[in-house]
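Two complexes are shown next, each including chain A; its partner changes from chain B in the first to chain C in the second.
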Partner chain A sequence: MKSLLKIPETLLVAALLVTTALTVHAQDPRIQMAHLDHLAAKASDTVDVNIDERLIQLAAKVFNDKDEDEAQIKKLVAGLKGIYVKSFEFENENEYSTADLDSIRTQLTQASWSRLVNVTSKKEGNVEVYVSMTGADINGLTVISAEPKELTVVNIVGPIDLQKLAKLEGTLGIPDLGVGPAKPKTKNEQ
Partner chain B sequence: MNEEYLWDKSGEPDPEIQQLEQILGTLGYQPKTFEAPTNLRPTRRYRYLSLAAIAATLVFALLAGFVWRSLHRKEADLPTTAASNPKAIPLTTTPEVVTPVEKQTVVSSKPITGRRRSQFVAVNARRRTNTTRTPSPEALLAKEQLTTALRLASEKINLAHRKTLGPAQLNQIRNQHKLG
Partner chain C sequence: MKSCATKIAAVLLLSTLSGSVSPAASDDFNSIVKMIEQFYNVKHQGIPFLAKAGMKAVGVGAKIKGGEAKHLAEAGSIKIAMFEDQNFAGDVIKFRSSINTALQQSWTALVQTMSGVDHEQNYVFVREKGDKFSVLVISISPRDATVVQATLSPKNLALLMKDPEEGSRSITQEATIVDHD
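== the complex of A and B ==
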């Protein structure tokens, strides 16, 4: 009799565990981008970056603390759990389909994700910025940039400071276009 | 009293001194051969203890040596492990992004490592400890990947920012920047 009573209890516990696991998985800000791999065959240039937490920590050790830019990056990536990028540059237009983008967007319809920016332009393409929140903190970021000849998806897992990330432009070999928060002037500039 | 007797027993002895000599003479040192007691047996316990101590020291030294060697081997093998397992860092970068270091790590499929390496190559232990201080190719590759990813992310976020501002606002900001 006791063993019979135990069966529903076991099932209940198992169901609870499965539900918890699914909830945790649903809140995971990592998105799956493997289905975009077929675009690599069509692309003239491909960038595929998969860095997990271990590699981030390994890379952080290499950054020089004495270098201001590198120290800034080191501080930014501290606490991140993964950075995943897929970027394809094509010779011709319309090499990727909307289905490719929809499969990414579907993953971003979960409760934790919210769209921060959506810029649509027929000529220049679309840029969408999504953030995943836990309470008041950002724990994930996804950027989809779909231009006529270029498709880029960036997924950052972990707490990320958007302002600091945006500030990196100009420090990583990219020209600063003067948009965004102004940088403090150096002694020579003053 | 004849003092010569007291000095070297050459003179006439004093009867009083002779009497004292007879009384105290029994208490003087009498040389005789050492005879060990027959009921006394040497115990073996202390011998075992010393042997156990020596054995323990040897075992401890061996263990310490093994741990030290395995730790050093791990440090030395770290860069080559990454090369033998390219799946750990999946990367399909553009041809111009790939540096010669990356090419080396991906191309070398089965490097000679650890004990196998020591069979063929003379290794200077001091030199090996120095090389561990330099960043491993895996770390350098991870750094490059990280920088590429952040560069792209930053570029796209700023692109979105610029587009949300629009051309009019952007020009206004630029003009302000020029005037200021």
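== the complex of A and C ==
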């Protein structure tokens, strides 16, 4: 009897451990992008940026507070745990498939993620922005920019919003995604 | 007995020398050069002393994000292996995977770029080295390749991180431009 009681207890503990592990995994806003690596063989240009927590800590250490640019980047990356970018440019259209996009989107169907923006344009492609929340706090952001000849996925782990992302565009290997507020036109553009 | 003592002394001397000459950092540099040689069946060229002397780490500057031209690598810290006019055709994805596996323990991959049109590959890895930083830049094109390891000051690491693609290009240029003046 004693042994019979022991089994469910052990199972219960194991189940609890598995559930905890799954919950922790589900809340991890780092998404896996390795499924896209095969596209590098077809792409005319591939950029792969991995700035993990260690490098962000390094950045915080080395960016100079007296330099306006660096001080701003330092402030923006404070608390972040990772910046991951994969970008592919193709010579022709339709070089990536819906399955490629779905390998990313599937991960963003988990409870902590919700889609914030979905812009669809036949000519210019789609931009989807997802945020991951823990309670009321954002702990991750993913942008999928799928143009006919270009696919970019940006995954930022940590407290980040679109405004911050817009300010980081063009630095730390983050491409210009055009997710921020429209920049004022210069005299030449008017 | 005498020869035994000599052997022990020789072994001790060799182990001391190898310890001081081949720290972990240079092992990575050498193993990457070997890996390229084996993967692509190529051979790196030794740089003649005079050419080395003519190489000018102050020949070009890194102009990053509209800033002033700037030299990134610390003087005297550059290690370089060059492969010239050889064939670098091969499975890029497999090569990238091998490089990443070999370096993932001791280096952090900062940026990796590949061009299917020009068949160029660039890899930038970084790691802390006391109060400075080491950067390992591997550039491969269809006929040439370069492996550069250099030490960067924290300030220059910041420049590299701000614009990894341009920064890594500048480090390779700095290391490989020969000054003919």
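To be clear about the criterion, the second predicted complex is superposed on the first by the 161 of 190 C-alpha atoms of A that agree within 3 Å, B and C clash if a C-alpha of one lies under 4 Å from a C-alpha of the other, contacts with A are read in each partner's own complex, and residues count from 1 in each chain.
Everything below uses one rule, namely that a contact is a pair of C-beta atoms (placed from the backbone, for glycine too) under 8 Å apart; a residue touches a chain by one contact, two chains touch by 3 or more.
Quantities reported herein were computed from a predicted structural model and do not represent experimental measurements.
Counting residues of chain A touched by each partner, chain B versus chain C, the larger count belongs to B.
Applying the stated contact rule after C-alpha superposition, one finds that A:E91 touches chain C and leaves chain B untouched. By the document's definition of touching, of the two partners only chain B reaches A:V129; chain C does not.
Contacts of A:L168 after superposition on the shared chain: chain B is touched, whereas chain C is not.
Looking at the shared chain after the overlay, A:A78 reaches neither chain B nor chain C. Contacts of A:A40 after superposition: both chain B and chain C are touched. By the touch criterion stated above, A:A59 is placed in contact with chain B and with chain C alike. Of the two partner chains, chain B is the only one that A:I156 touches; chain C does not reach it.
Looking at the shared chain after the overlay, A:L141 reaches chain B, while chain C stays out of its contact range. Residues common to the contacts of chain A with chain B and with chain C across the two structures: 40, 45-51, 55, 58-59, 61-63, 73, 172-173.
Those residues of chain A lying in contact with chain C across their complex are 37-38, 40-52, 54-55, 58-59, 61-64, 69-70, 73, 91, 171-173. Those residues of chain B that touch chain A in the complex are listed here as 89-94, 97, 135-136, 138-140, 142-143, 145-165, 170, 173-174, 177.
Taken in their complex, chain A has these residues touching chain B: 40, 45-51, 55-56, 58-59, 61-63, 73, 76-77, 83-85, 87, 117, 119, 121, 124, 127-129, 141, 143, 145, 152, 154, 156, 162, 165-169, 172-174, 177-180. For chain C in complex with chain A, the residues that touch the partner chain are 65, 92-93, 96, 108-117, 126, 128, 133, 154-155, 157-158, 161-165.
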